[in-house]
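Once you've had a glance at the structure underneath, I'll fire off some questions.
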Amino acid sequence: MKILIINPNSDTAMTRVIARTAKRYAADDFEVACLSAPGAPKFIETYQDEAGAAPGMIRLVRENEKSCDAFIVACHCDPNLDFLKEITDKPVVGIGEASMKIASMLGDIFSVISSTGHSVPNKKALVRKYHLREALASVRVAEDGDYLKAARAAVKEDGAEVIVLGCAGMTGLDKRLQARLGVPVLDGVVCGLMIASGLARGGVSTSKVRRYAGRR
Amino acid sequence: MKILIINPNSDTAMTRVIARTAKRYAADDFEVACLSAPGAPKFIETYQDEAGAAPGMIRLVRENEKSCDAFIVACHCDPNLDFLKEITDKPVVGIGEASMKIASMLGDIFSVISSTGHSVPNKKALVRKYHLREALASVRVAEDGDYLKAARAAVKEDGAEVIVLGCAGMTGLDKRLQARLGVPVLDGVVCGLMIASGLARGGVSTSKVRRYAGRR
Amino acid sequence: MKILIINPNSDTAMTRVIARTAKRYAADDFEVACLSAPGAPKFIETYQDEAGAAPGMIRLVRENEKSCDAFIVACHCDPNLDFLKEITDKPVVGIGEASMKIASMLGDIFSVISSTGHSVPNKKALVRKYHLREALASVRVAEDGDYLKAARAAVKEDGAEVIVLGCAGMTGLDKRLQARLGVPVLDGVVCGLMIASGLARGGVSTSKVRRYAGRR
Amino acid sequence: MKILIINPNSDTAMTRVIARTAKRYAADDFEVACLSAPGAPKFIETYQDEAGAAPGMIRLVRENEKSCDAFIVACHCDPNLDFLKEITDKPVVGIGEASMKIASMLGDIFSVISSTGHSVPNKKALVRKYHLREALASVRVAEDGDYLKAARAAVKEDGAEVIVLGCAGMTGLDKRLQARLGVPVLDGVVCGLMIASGLARGGVSTSKVRRYAGRR
Amino acid sequence: MKILIINPNSDTAMTRVIARTAKRYAADDFEVACLSAPGAPKFIETYQDEAGAAPGMIRLVRENEKSCDAFIVACHCDPNLDFLKEITDKPVVGIGEASMKIASMLGDIFSVISSTGHSVPNKKALVRKYHLREALASVRVAEDGDYLKAARAAVKEDGAEVIVLGCAGMTGLDKRLQARLGVPVLDGVVCGLMIASGLARGGVSTSKVRRYAGRR
Amino acid sequence: MKILIINPNSDTAMTRVIARTAKRYAADDFEVACLSAPGAPKFIETYQDEAGAAPGMIRLVRENEKSCDAFIVACHCDPNLDFLKEITDKPVVGIGEASMKIASMLGDIFSVISSTGHSVPNKKALVRKYHLREALASVRVAEDGDYLKAARAAVKEDGAEVIVLGCAGMTGLDKRLQARLGVPVLDGVVCGLMIASGLARGGVSTSKVRRYAGRR
C-alpha cells in the first residue's frame, strides 16, 4: 500500500514536516510520500489560493494514480477536495474532514485551533458542510501563535472535549499539547492517514454515482 | 496492537462470521479477537436487549483492558457505547458510528440497510445523535432478507450514493453487493477496524473531560 | 388514579423531598408515591450510574404496573427512560423531558440550572434528543450551589425567559426562586406530575408500534 | 380551578362538541367552559380568518381574566396565541402546541391529520416554530373526511407512531380511532386541558420578560 | 411602476424619513409613496401593537391595490406580512425579510442592530422563520441609541461581516455607518425597494397556491 | 449602471438567449451585457467543469471591473461564486442563490427543475449552503426535457408553491410555464438582475472583512 500526501502549497519546509509525521505513523507498514503541488501558492488562505493550487494538485493525482492506493489533501481547509474525489477512482481524504469527523467520535464537542482569524468563517462553513455544527465548540485563533493558550481557552471557556489542529503546518505538535492539556489533540495528517489507509485496505472508495461521477 | 471486538449478543455463529471478517482485514498486521458478551440475549433489537447485554460487555472490557489497545462494539445500533467509552481509557468504536461517518466521506447521502422494520426509528435516532441526518438518504428494510433488492431501491429511488450494512450479521456481504450495485458498500465491522486500529496506532482515545469522564 | 415516582438513586432524603413536592401537587385529587430504585447508586451522574440504576427501576415498574396509572422518572437526566417506555404499557414520564418541553411553551428560550459541570454535555445531548436546541438559552452550573445566582445570570446574560431546575434534588425551590427572579421557574417533579396525571386521565400512553414496541 | 376554552370561530355546534369533550375530561375536578369568540368567522383557515378572530378572542380573555385560571385556544393552528400570551398573566395554551409536544413524548414521530390541503404549509410552519420538525412524520389530509384512512396511511406509509387530530372539530374521535389504529391518538382539546390544568395547578404561567412582556 | 411603502405605525415623522430614503433610491425611475397605517399605534413593539396596526395596513392595501405594483411593509419585525401576502395578488415585501436575506448574500454572517432589548427574541424568531439562523452572528441592542458602538461590537466580537439596521426608524443612517465600519450596512427600506421593484419589473408575485391562497 | 453577466460555459447560443432575457428585463433603464467565459467548457456539470471555467471567469471580472457596476454568474450551480466575490469589490450575484432566496419570499416551499439527474446532489448541497433546506420541496429532474411535466409534479406531489428554473439554459421559459402552472416561476437570470441591479443602485457590495477579504 502506498499513500500520497498532497501539500497544496509550495512551502517545502511544511512538506518535509508533514512527511516526517506521516512516516512516523506509517512506520514500516505502508509506504507514504508527501509532495508539494507544483506551481501552488506559498500559503492557502483565500479562495484565490485554493484555485491557484488546483492545477498542481490535479497533476499530482494524475501522475500518481496508478502507483498509489489513496491520496490525502494536507491542508485543513480541504481545498479542491470535491474536485479530486471526482477525477480519480482512488480514495481521496481531506485532513479537515478526517480530523473533525474523528473528533466527533472522541468527545461531545471539539474546538479547532486556527492560525489566522481570516479563516474562521471558512472553517465554520466547512464544519456546516460536514454536518458537524452541533459538534463544534468553537474555532479559536492562536493570535500570537500560542496554540497551547488557544487550546486551553477552548477547553476551559468553550467546553471543548477534543482539540483539532486546524492547519497542516501544526503537524507534530499534537502529543506535546495533548500531554499538557489532558484532552485528545488531533493532528490532521495523522487523521488523514487513519482514514486513507483504512479505506485502501478495506477496498472502498468514493462513490461514482451522482455527486462525484464526473463526466461520462 | 491487539483489538477486541465485542459481539453484544450471544449468537456464536455471528461471532465467528465477525471474527472471519476481522481477521481478513487485519491480516498479519495486528491481532484481533471477537468474543460474545457473556450472558447477553440472542439478538439486540429492543432497549431491553441493550440493557441485557451491558453486564457482559462491561466484563469483557474490564478483563481485556490491559491486553487490548482498542475495543469495537459489533452491533450496528451501538448499544452501551457511551457507557463503554466512559469506563475505559482505551478507544471504543461502535460499528454504527464508524460506518455512517465513513459513509458521509464517500458520497453525498447514504442509505442504511436494516434487517427489521422495528429498528428503523432507532437507526434514525442514532443518525440524529451522530449529526448525520442531512447525509441520510433512507433506512431501507430488507423485508424478505433480500439485501440487494433493498440496496438497489435505496440507490435508485432514494438517491443513495453509498450503502451501509445496518447489522453486524451482514458482515462479509459487502464486496459481493458492491460489485453488483456499483456503489461503495460499507461493512460495519471493517469500518470499526479502520477507526479503532487508526486511533490505537495514532495514540488518541476518548476524551476524559466532561461527557465521558466517569466518576472521580 | 395513582402515580409512582421512581427516584433512580438511593438517596432516601431526596426521595422524601420529592414525595413532599408530589403530595403538595396531588393534594387529595390523586394518589402519589415516591420510591428509591432498590440497589441504585447514591447519585446519578455518569453512564455507569445510569446503568447501575436500571435493575431497580425495572423492578419498581414491574411490581407496580398493575396498581399504578403512570410512572415518573425523577432524575433530570431521564436515565433509562426509553427502556421503561418500552417495557410497560402505562405512561412513563421523565422530569427532564417534561420540564423542558413545558418550558418551551412558557417563553422563547429557557436555561437549565445544573448542579455539576460534569453533566453539561449530557444535558445538551438530552436537549438535542428532545429537539429543543433552538429553545435553549444555556445550561448554567451553580458552581457553589448558589442557584439564584446561576439563574439570575441565565436571565440577564443568556436571555433566558424561563428557568428549569436541572436536578430532582432541587425540588421545592421553584416558588422561592420564581418570586425573586420574576420569571417562571420549573420544578421537574411538578412538571412530570402535570404530564403523567394528564396522560393517565386522558387515557393515552406510549405508542407501542416501532420505537417502544419491545420484543414480541 | 376554572379553565376557559376559547373557540376562535363562530361555529356554535363545534363549540358544543368541544365543551362536551372538556367536561368529560374535567369531570367534577375542575370547572371548564367553552365560548365562541364573538364576531369571529365561521371557520379558521386563512390569515384573514385568524385576524378576524382576534378581537373576539381578546374580549373573552379580558372579560374572564379574573374568574379563570387558564385559557385554551381551541383551534389547531393556534391563531393569535402569541398575542394572548402577551396580554394576560394567566396561562394560555394552544391545542396545536400542546398536542404536538405531547405527541413527541409518546413516540418517535407523529403525523397530523388535517381536514384541508390548504392548511398543510401552515401546519408545517407551526411545526417548525415549535422546533418539532424532526419529530414530524407527515401532515396527512383526510381528503374525503375519512380520518381513519388518512391516519392508517400515516402509520403504515409514513412511519407515524402517534396520531394528532389536526382540527378542534375532530374532538371526540380520538378513542374510536385509537382503538382501530392501535397507536395513541391525541385530541387537541384534551391535550390543551392536560397542560392548562397542570400549569394552573402548578402555579406557573407565561414568562413576562422579553417575548411576551407586552408594553410597559 | 409605483410602489407603496406602508409604515405600520402612526409616527408621521418616521413616515417622512422613510419616504425620503425611498425617493432617493427610486430617483426618477419609478414612483414611490409612503403612508402611515391609519389608526395604528405610535410604535410597533408588542404583539398587541402588531394586531393594532392590521386594520390600517389592510385598508392601505385595499385602497391602493389597483394603482400600485408592489407593497412594502416598513417595520423590521414584518408585522402582518403573511396576512398581506394572502389578501393581494401584488408582491408584498417585508423590510425584515428583504434585508436579512440580502445580508446573507453579502457575507458569511450578519448582525441585526436593534433599538430595544424587548424585540430580541422576536427578531430571533423571525430569523428562524426565514431559515437564517446559521447566518446570524447576533442581535445587538443599541442600549443608549449608539448604533455605531453596537455595530462595531457586532463586527469585532460576534464576527459579523454585514450589519442590518433592525428598525425602519434607522433609515438613512446606512451610508454613514458603512463608511465608519468598513462593512456593508443594510437599510431595510432600501432592501425592500430592491426586492419589490425587482419583483414588479420581473412580473412575479406571491404564490397563490396553499400558504397564501386565501379563502376561495 | 452597467451589469455584466458571465456565462461560465462556452455555449454561445446560450449566451445569446441569456442576453435576450437580460435586455428585456433591463429595457432602457440600465446597460447589460452577457459574455461567455473564454476557454470554458461547453457545459458546467462536474467539479472539473467548474474549475475549467474559473480562469475565463476571472479574466472577465478583471477586464470589466472598472466599467461595470455588478457581475452576475449565469449558471444555476453558482460555480466559482465565492472566488469571484473575493477578487472584486463590485457585487457578484449567482443566479442559483438569487433565485432560490427570492423563491423563499414568494411561497412556503419551492422546487428546482433540473435538466440532469447528475446535478441533484450538487443542487441540494447548494441549497444547504444557502440555509434553504427547510424551504425546499424537491429537486425535480425533467428527464425527457419536459419542464412543464416536472414542474407540475413538483406542485402536485411535492407541495411546491414556487418553481425555480434550475439552469441558465432554461431562461425565457418562465412566463409560459407560469401561465400554465398557476404558480410563480423564477428565471435565474431575471432574479440575478433584480439583486445585482438593486445592490448596485443601493451602493452595497460583498463584505470585505473575513470570508471574502482576499489576501492583504
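Note that the chains take the letters A, B, C, D, E and F in the order they are written out, and that residue 1 is the start of every chain.
What we mean here is this: contacts are C-beta pairs under 8 Å (C-beta built on N, C-alpha and C of every residue); 3 or more make two chains touch, one makes a residue touch a chain.
What you are looking at is a predicted structure, and each value in this text was computed from that prediction instead of being measured.
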item: Chains in simultaneous contact with chain A and chain C; value: B, E
item: For chain A and chain D, chains touching each; value: B, C, E, F
item: Same vs different contact residues, chain B with chain C, by half of numbers used; value: same
item: Length of the line joining the C-alpha centres of chain A and chain E, rounded to whole Å; value: 42
item: Where chain A and chain B are represented by their mean Cα positions, the distance between them in whole Å; value: 25
item: Overlap residues in chain C, where contacts from two or more other chains coincide; value: 108, 120-121, 125, 128, 133-134, 159, 161, 210-212
item: Touching pairs among all chains present in the structure; value: A-B, A-C, A-E, A-F, B-C, B-D, B-F, C-D, C-E, D-E, D-F, E-F
item: Interface residues, chain F side, partner chain E - complex; value: 25, 29, 91, 93, 97-98, 101-102, 104-108, 130-135, 155, 159, 161-162, 175, 178, 182-187, 190-191, 193-195, 197-199, 201-212
item: For the chain E and chain C complex, residues of the former touching the latter; value: 120-121, 124-125, 128, 133
item: Chain C contact footprint on chain B (complex, rising order); value: 45-51, 54, 80, 82-83, 86-87, 117-118, 120-122, 125, 128-129, 210-215
item: Partner chain F, residues of chain B touching it in the complex; value: 108-109, 134, 159, 161
